[in-house]
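Labels for the chains are A, B, C, D and E, by order of writing; each one numbers its residues from 1.
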Amino acid sequence: MSVLATALYLGPAALLYLGAGVVLLADLIHGRRAVTGLLTLVTLALAAVWAVLQIGGGAQGPILGGAIVVDSFSLYFTFLLTAVTAAVVVGTSEWAAKVEDRGEFYSLLLVSVGSMVLLVQSNDLITLFVALETTSLAQFILAGITRNERSSEAGLKYLLSGAVAAAVLLYGFAFLFGMAGTTSLPGIAEFVRHAGDGLRLPLILAFVFVAAGVGFKMAIFPFHAWVPDVYQGAPTPVGSYLSVASKAAGFAVVLRLFYTGLGGAGTPITHDWAMLFGVFAAASMLFGNVGALVQTNVKRILGYSSIAQAGNIAVGIAAVAAQGTVGPSGVLFFLGTYAATNLGAFLAVNAVSERLGSDEITSYAGLFKRAPMTAVVLSLCLASLTGLPPTAGFIAKVYIFNSAIQTGEVWLVGLVAIAVVNTAISAFYYLRWVRTMILDDPEDATPIETPGGAQGVLLLASAAVLFFGLWPAPLILLAQQAAAALLPA
Amino acid sequence: MLTLFLLLPVTGAVLSLFLPEEKQHDAKWIALVFSGAAFAVSVVVFALFNASVPGYQFVNTFEWIAASDAGFRIRYTVGVDGLSAPLVLLLGLLSVVSVLVSWRIEVKAKQYFAWLLFMETAVAGVFLSLDLIQFFLFWELELLPMFMLISQWGSGRRLYSATKFLIYTLAGSAFMLVGFLVLGATAGTFDIAELTAKPVTQAVVPLTFVFWAIMLAFLVKLPTFPVHTWLPDAHTDAPTAVSVMLAGVLLKMGGYGIIRIALPLLPQQAHDSRLILASLAGFSVLWGAVITLRQTDLKRLVAYSSVSHMGYVLLGVSAMGSLGLSGAAMQMFTHGTITGLLFVVVGLIYDRTHTREISQMSGLMHRMPVVGTVFVIAGLASLGLPGMSGFVAEMTTFLGSLDAHPVATAAGIFGVVLSAGYILWTVQRVLHGPATDRWKELTDATSWWEVTAMASLVFVILAVGIYPALLTTAVQAGIAPIAQIMEGVS
Amino acid sequence: MLLPHIPEAAVWAIYAAPLISFLVIVVALRTRPLLAGRFTIGAIGVAWLLAMWALDTSIGLGGEPAAFHPHHWLTLFKLDVEFGLRLDGLSAVMIAVVTSISLLVQIYSTGYMAGDGGYARFFAFMSLFTMSMLGLVMASSLLQLFIHWELVGLTSYLLIGFWFHRPSAAAAAKKAFIVTRFGDFGFMLAVVLIWVKTGTFDIAEINHLAHAGEIAVPVLTGFVLGLFAGAAGKSAQFPLHFWLPDAMEGPTPVSSIVHSATMVAAGVYLLLRFFGAVEAAPEGVRTTIAFVGAFTAIFAASMGIVATDIKRVLAYSTISQLGYMVMAIGLGGYVAAIFHLFTHAFFKSLLFQGAGSLSHATNTFEMPLMGGLRKAMPITYWTFLIGSLSLSGVFPLAGFWSKDEILADAWNHNILLWLIGTAVAFMTALYMFRAIFLTFFGDYKGGAEPEHGSHGGHASHPHESPASMVAPLLILTVGAIFFGFFNVGGMFGHFVEGALAPELRHFEFEVNPVVLVVSTVAALAGIGVAAAIYYAQRPQSSVIRGALGPIPGVVEHLYYVNEIAEDGVVRGLLLGVGKLAAAFDKYVVDGIVNGIGQATRLVGSGLRLTITGQQQAYSSLYVLGVVVAVGALFVLGGGILERLAP
Amino acid sequence: MESPGIIIAFWVLAAVTVGGCLMVLVARNLLHALVFLVLAFLGMAGLFVTLSADFIAVAQILIYAGSIAVLMVFAIMLTPLAARDNANSLYLLPALAAGLGIAGLVSVVAVITPWSELKGDALGQSDPVTTVSAIGDLLLGRYVLPFEVASILLFFALLGAIVLVHERRGPREGS
Amino acid sequence: MLGLSVTLAHYLVVSALIFGIGTVIALSKRNAVAVLMGVELMLNAVNLTLIAFSRFSSAFGQNGQPLSGHVFVVFVLTVAAAEAAVALAMAVLVYRQRETVDLDRINLLRG
């Protein structure tokens, strides 16, 4: 394979890493006058463009001895991750301007997203592990980047929890490798498909460990406990990045691992896998929603809510038992809409909290009067998180629940029943928040300015939330195409 | 045409949101114009509705979500038949009425009217949708405006009531979604017409579960004992216009859903459940009525009477025959107008007296003869007086249900007796008796918007009561195919 | 006979005339009361003329139904409701009675209601009532009849509560409606039942089917009992009688027409209309009807003896006389019942108008406040006296003939009922003449002060009422005297029997000397006793009271029926159940819902404790989660237990 | 692996390693714990040798026993006011449950799984003198991408560590 | 004892024990540095597993890549070192603000 071809395949991730270096250099040379934010954006844009070139250039399939694979699935996530990161960068530029280590912040962000791009392309346990650890490490540092008490506490907790999770994940990898004799995901899949009954137990052991390791990123119960603290303590931009990008990458990995690494549907462990995620999904939803009911801090509400949402998405993971793209396309579509929704919510909260200096829900009273646009966008996003029409969240939920029921498994119908009850519970806290913002009277009616960049991103996010709520067909088609890449041809 | 009906109110809502703050009182004019236009459309639809043509009319459709596999092909499809056409008309009318009775809203007027119009679109979508997912979409869409309207412009424990409404409805609709998805997954389509033509007979979970999962949402909305307690609270604390909409059209979503979806899609299961449904119906009628008897809060009283009256809808449905279903369909329409009118009147009284306690009132007839007269008319209609629309509907229901459910029907008829009790007792306590000094300053409702709101409803009530063919032609056309399905089941 | 056959449109016009009057007043004449009154009189006059034409036509047909075709009103699947006209002996008589009395009452009202603030409203309601009543009697379909039945109830409600500012009037109006509605519960069931079982509402057909034995006995029994329940409500039969005395809160013209002559007779009319079905019903059903009627007759009469309000005396009398009619129906005395209904309409209307005339002069209906009015109001006195005599059944006045017809039927069928009937005849004479002696004889007690805004004159100097009131009295007196002769020889009887199927016609005029003598003696005895106690005052009424112990007290409390109904049934039972139900809603249903909400929050607070803020807790949860998951899957999916087992 | 030398070596090294680990758990002083940790690392390196993993054994000594231990010493020294005892938190019980659970489960699986299915002596068969060159080939061949990424990882870990602990340039900023 | 051969299971059990002890340390120690020690032990256990499998597994026939396990270990070592560096930096950072690295007392964020 020629260097050029390799470059074509590796382009996005390489560009992002390169960008990280450039940003760092620029920061070193120009100090605080450097346009690091812009550079970051340019890098992200270039990476996205390169991803388009990959499609045009016919880059398809594994390279480097199967270390990574470029397919529509990885492209879907490449776009998603770069877009999300760009949105975070734009939406929080005002905040970033005040951060001391701005260059490092952007640089780490780029490293993190670059590793995630590699992560979703990984086709090999080692690549996967290294990419995962790279993005994790960057995220740990990002969580603590403002270095105040809360931020550093969040960073430390995130890191130590993450280290344990990484060890468990690795243990699972070790067993997979040991049994299959290869680190290549297709190779492992080959083994799993033909695994004798004698290896059933270690196989279960391995995939639960792996699921736990990835579950940490997905933030599903019982691997979720770090989420509220980190979302609250980490700077909001980092929180939003974690809640969307990191979670999406987690789900991408779990899908890739299952379909490419564990043989997909129809293997002896399919059912165990589905049950595992079914239970996790139900527990996540219950924990997240019920926990959020009693929260008063908006960032913690969003934290708990993201646990619950992970539960919703995991319904799609549990739906893998069926042949076809039913389950994964639901996950992909949900992640796409969830990215817009949750980003909108987080960035709005960021914009408001910056001005108010408070994350308490009571300080959001009458936000509609003080910052009408932000309040409307936030309400829209919360409605979408609840799953109310005409937002994308509604379609996403219906679609993913539909995919679970399409499998024709009775217990999945039960899981969906739990999920829909949870939707009802979640309405309670989401809509209470909406009501507080839209209808209550503010104590202090001075208008809150929302920075231009944030405004733009918020508008874009709400436009996406509405657009995919009213016209979801294109994204659903994309998600199905992407999911189809996971299946053996 | 129907899409226009759907879009008009929401357009108005958006426009009114974009009004500048200082002109926000013009929102009512926007609301009036757009709801009026929607009403005009609904009148045209009803007038042009051809009862002799089978199937749905004025159908608009296009592929909305055409997913390649995954059984998620969803069409946007709107259409009316004889069942939904009267409800659409009712919605159009009551929306105008509710805008009119909100004429004096001062607080956050543009938001208020925006939510109100938004709600109209949502409810319209429920009545017009011919696709399960689309139906569910609009069903859920109605929650947010309702929650907002009650929790902000309501009174008393408004947040509690709004939340209660929300939780009840969401809990119900949650299971409905599961039911819809199971049906859709089994049949491979969400199209109501297709599902009606070929009912599902076997699914991954027992169809009885599916039936009750779907019914639960409708029963909550109807509402039926024992899932009715959200209604009195919601009504009591809601602003007048919202009460009008709630009683007038939102409750009908439940009955409509039962007749449009639960019955024809799962005829066998519905048939097997008819005794339970009839028992619930009879019980609701009596339960609502005896509780109404001892209410001291005017709005709560009308609210509980709704529980009783909507029991007739379920009674008619539970007979699962052509007449019972027609009775239920007509009862939905008539209850919408009658209870809508009652809430209008109660609202007008409340606006003036600022109390809803019946014991505080006396002799209001002296101060407000117009309001009082309309109150009496609405009350008489509510107690099923012949010559008014309620009688026709109730009688048809009873004629349809006696053979199938004699005891429940007897309970229903006894409910009519009790309704005379609570209505007349209320009239006596509120309107009659000596004129007291406390209400010396009260003024009658003579503004054009108040008179228009009341007169239009009175007109409809009397017109349908005296010449029921206005309604029955359409209803028969709508019910006939469903009744045919139900009567084919044993 | 005298006139050509009446066209259908003209019969509809009888119905339409008062309706038009109502609409015109509502729309145009609300503020022009005098015109409203005149318009009503004109409209009802037209109706009366047409009614006479209809009567003439019907007589020409020998009481057989005129051939009018029904019209579709509501068509819905197999439900086909037709409205039409039924003009036969029975309805022709009723139409004539209703229009005649209505016309007279309207004229009377122009005087009685003069100056009342609601003058126009009064005539509007009266028109509406007349229309409803006419619709009721002309109906060819059961549903049509039921609809007007309810409308009659409505107008009765509106008219009783005409002076709604008086709490007692408002309460009485409500009571009247609700109590009759309890009866209508049965009626409505009957309507629904008969349609469900026969598929028709047509009265003639239902009668025919019943008589032909094509309706199953249980259905027929249910149907007739249902009709009877409705009739009992409207015709104030025990135990649904207690609304009627209170209904006297309405203006006197209303009492005169609605609550004596016409509406309360509607129950009787209903049973007569379905006489074929009643006859076909099992013996027990008819016996029940007869005994309820008889009991009501004597029960109400006893209360009439102790009442002090003259209108209430008349109200109890009405109940009692309706009891007679119902008894007659139970005994199969079709002609007797309708004939008594016919004569009763005239003399009772007359008596009420007389009472109205008295109150017009004295501003009160309380007899203890009157006395000695014989001289001041001679016309009132004489007409009232004749009316009373007629009611008491004194030869040869109208009441004598009709009452005797009933007693003769009783004599023929059931001697016990005859005894009761005769006793009632005695009591009737007693209470009527008690009233006459208390009001027209003795010294004037001064009346009462006029209520504010009412129509009364100066009570201190009572004087005869104006011509508009006196003239109707005189006209009605003619009826009270002579209308009994219509049936001498059976002319009336054969005419009204034309409405029945031929095989049911078995009326023959006969004079039973025993019955005739005994009842006349009873009536005269009643008059004599009244004269002794209330005129001669030997013995004084208080002495008799004392001798009777607690009985008069119980009677004066109306046998505590009101208390039982209001405190027992309404407050105790309905409101009690309502209270329990509301409590159930509040504590159980809402309790569960709120409980779930609270529990959820509690669980939330509990879960929150797991997020202790300490990283070790998080990791412990994490690893324990892994352990549990692995363990569970080992057991469930991996079959580890089998593997470990030796 | 029938050779008695290896068998003895295995048992001894296993005992040392596990014992070292246990001492890390129970040692009262943090610095003592660190010493036992190093002991465990060394034992582990020995175990690697018994598995013919010479390169890894060396790397283990260099990286774990060497650099990481030194890092930890620095960390302990840089936090002079922090407690030096190796105390347990409130979560000892759940931690024990979790640790025992996971060790137990894996052990059970290790014991009852019929590994014999897979039994072989892959390395033994080829028995290369050293694994170094083979590993080098793999690192620069098949695993070149993770290799490059690992360098990025290390660089940014370094950068991160600096960012986190470097002295502030000015007054506190940010939220 | 000498008669017994050392098999894969032996190594796996040893690694399981080390992993378990590491878990206990990581989960129970109050001092952040001690927690890190536990994590390192866990990673070591993983390494042992990897190497043991490389040595014993028959999965590495013709297509097998036994040394992949060794490469894997190299990466684990690398990552462990990087992680340790960042973790210790973080501990120092926290220490500067609170003069403690006691995780029991680092609970500003909770609930």
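In this text, a contact is a pair of C-beta atoms (placed from the backbone, for glycine too) under 8 Å apart; a residue touches a chain by one contact, two chains touch by 3 or more.
In this text, all values refer to a predicted model and were calculated from it rather than measured experimentally.
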| item | value |
| --- | --- |
| Common touching chains of subunit E and subunit B | A, C |
| Required steps from subunit B to subunit D (each step between touching chains, minimum) | 2 |
| Pair joined by more contacting C-beta pairs (A-D or A-E) | A-E |
| Chain centroid nearest the full-protein CA centroid | B |
| Maximum centroid distance from subunit C, chain identifier (CA atoms) | D |
| Where subunit B and subunit C are represented by their mean Cα positions, the distance between them in whole Å | 36 |
| CA centroid of subunit C to CA centroid of subunit E, Å | 95 |
| Averaged-CA centre spacing for the pair subunit B and subunit A, given as whole angstrom | 42 |
| Whole-Å gap between the CA centroids of subunit D and subunit E | 5 |
| Touching two or more other chains - residues of subunit A | 126, 129-130, 133, 137, 140-141, 144, 147-148, 152, 155-157, 160, 164, 168, 171, 179, 201, 205, 228-229, 295 |
| Subunit D residues counted as touching two or more neighbouring chains | 89-91, 94-95, 98-99, 102, 105-106, 109, 112-113, 117-118, 142-143, 146, 150, 153, 157, 160, 164 |
| In subunit E, residues with contacts to at least two other chains | 19, 22-23, 26-29, 35-36, 52, 54, 57-61, 64-66, 68, 71, 75, 79, 82-83, 86, 90-91, 93, 103-104, 106, 108-111 |
| Pairs of chains, among all present, that meet the touch criterion | A-B, A-C, A-D, A-E, B-C, C-D, C-E, D-E |
| Sites on subunit A touched by subunit E in the complex | 125-126, 129-130, 133, 137, 140-141, 144, 147-150, 152-157, 159-160, 163-164, 166-168, 170-171, 173-175, 177-183, 187, 191, 228-230, 232-233, 295, 300 |
| Residues of subunit D that touch subunit A when the two form their complex | 105-106, 109, 112-114, 117-118, 141-146, 149-150, 152-153, 156-157, 159-160, 163-164, 168-170, 172-175 |
| Subunit A - residues contacting subunit C, complex | 156-157, 160-161, 164-165, 168, 200-201, 204-205, 208-209, 211-212, 216, 221-223, 225-226, 228-229, 269, 271-272, 275-276, 279-280, 287, 290-295, 425 |
| Of all residues in subunit C, those that touch subunit B in their complex | 73-79, 143, 146-148, 150-151, 154, 157, 161, 164-167, 169-171, 173-174, 177-178, 181-182, 184-185, 188-189, 191-193, 195-196, 570, 574-575, 577-579, 581-582, 585-586, 589-590, 593, 597 |
| For the subunit C and subunit E complex, residues of the former touching the latter | 608, 611-616, 619-620, 623 |
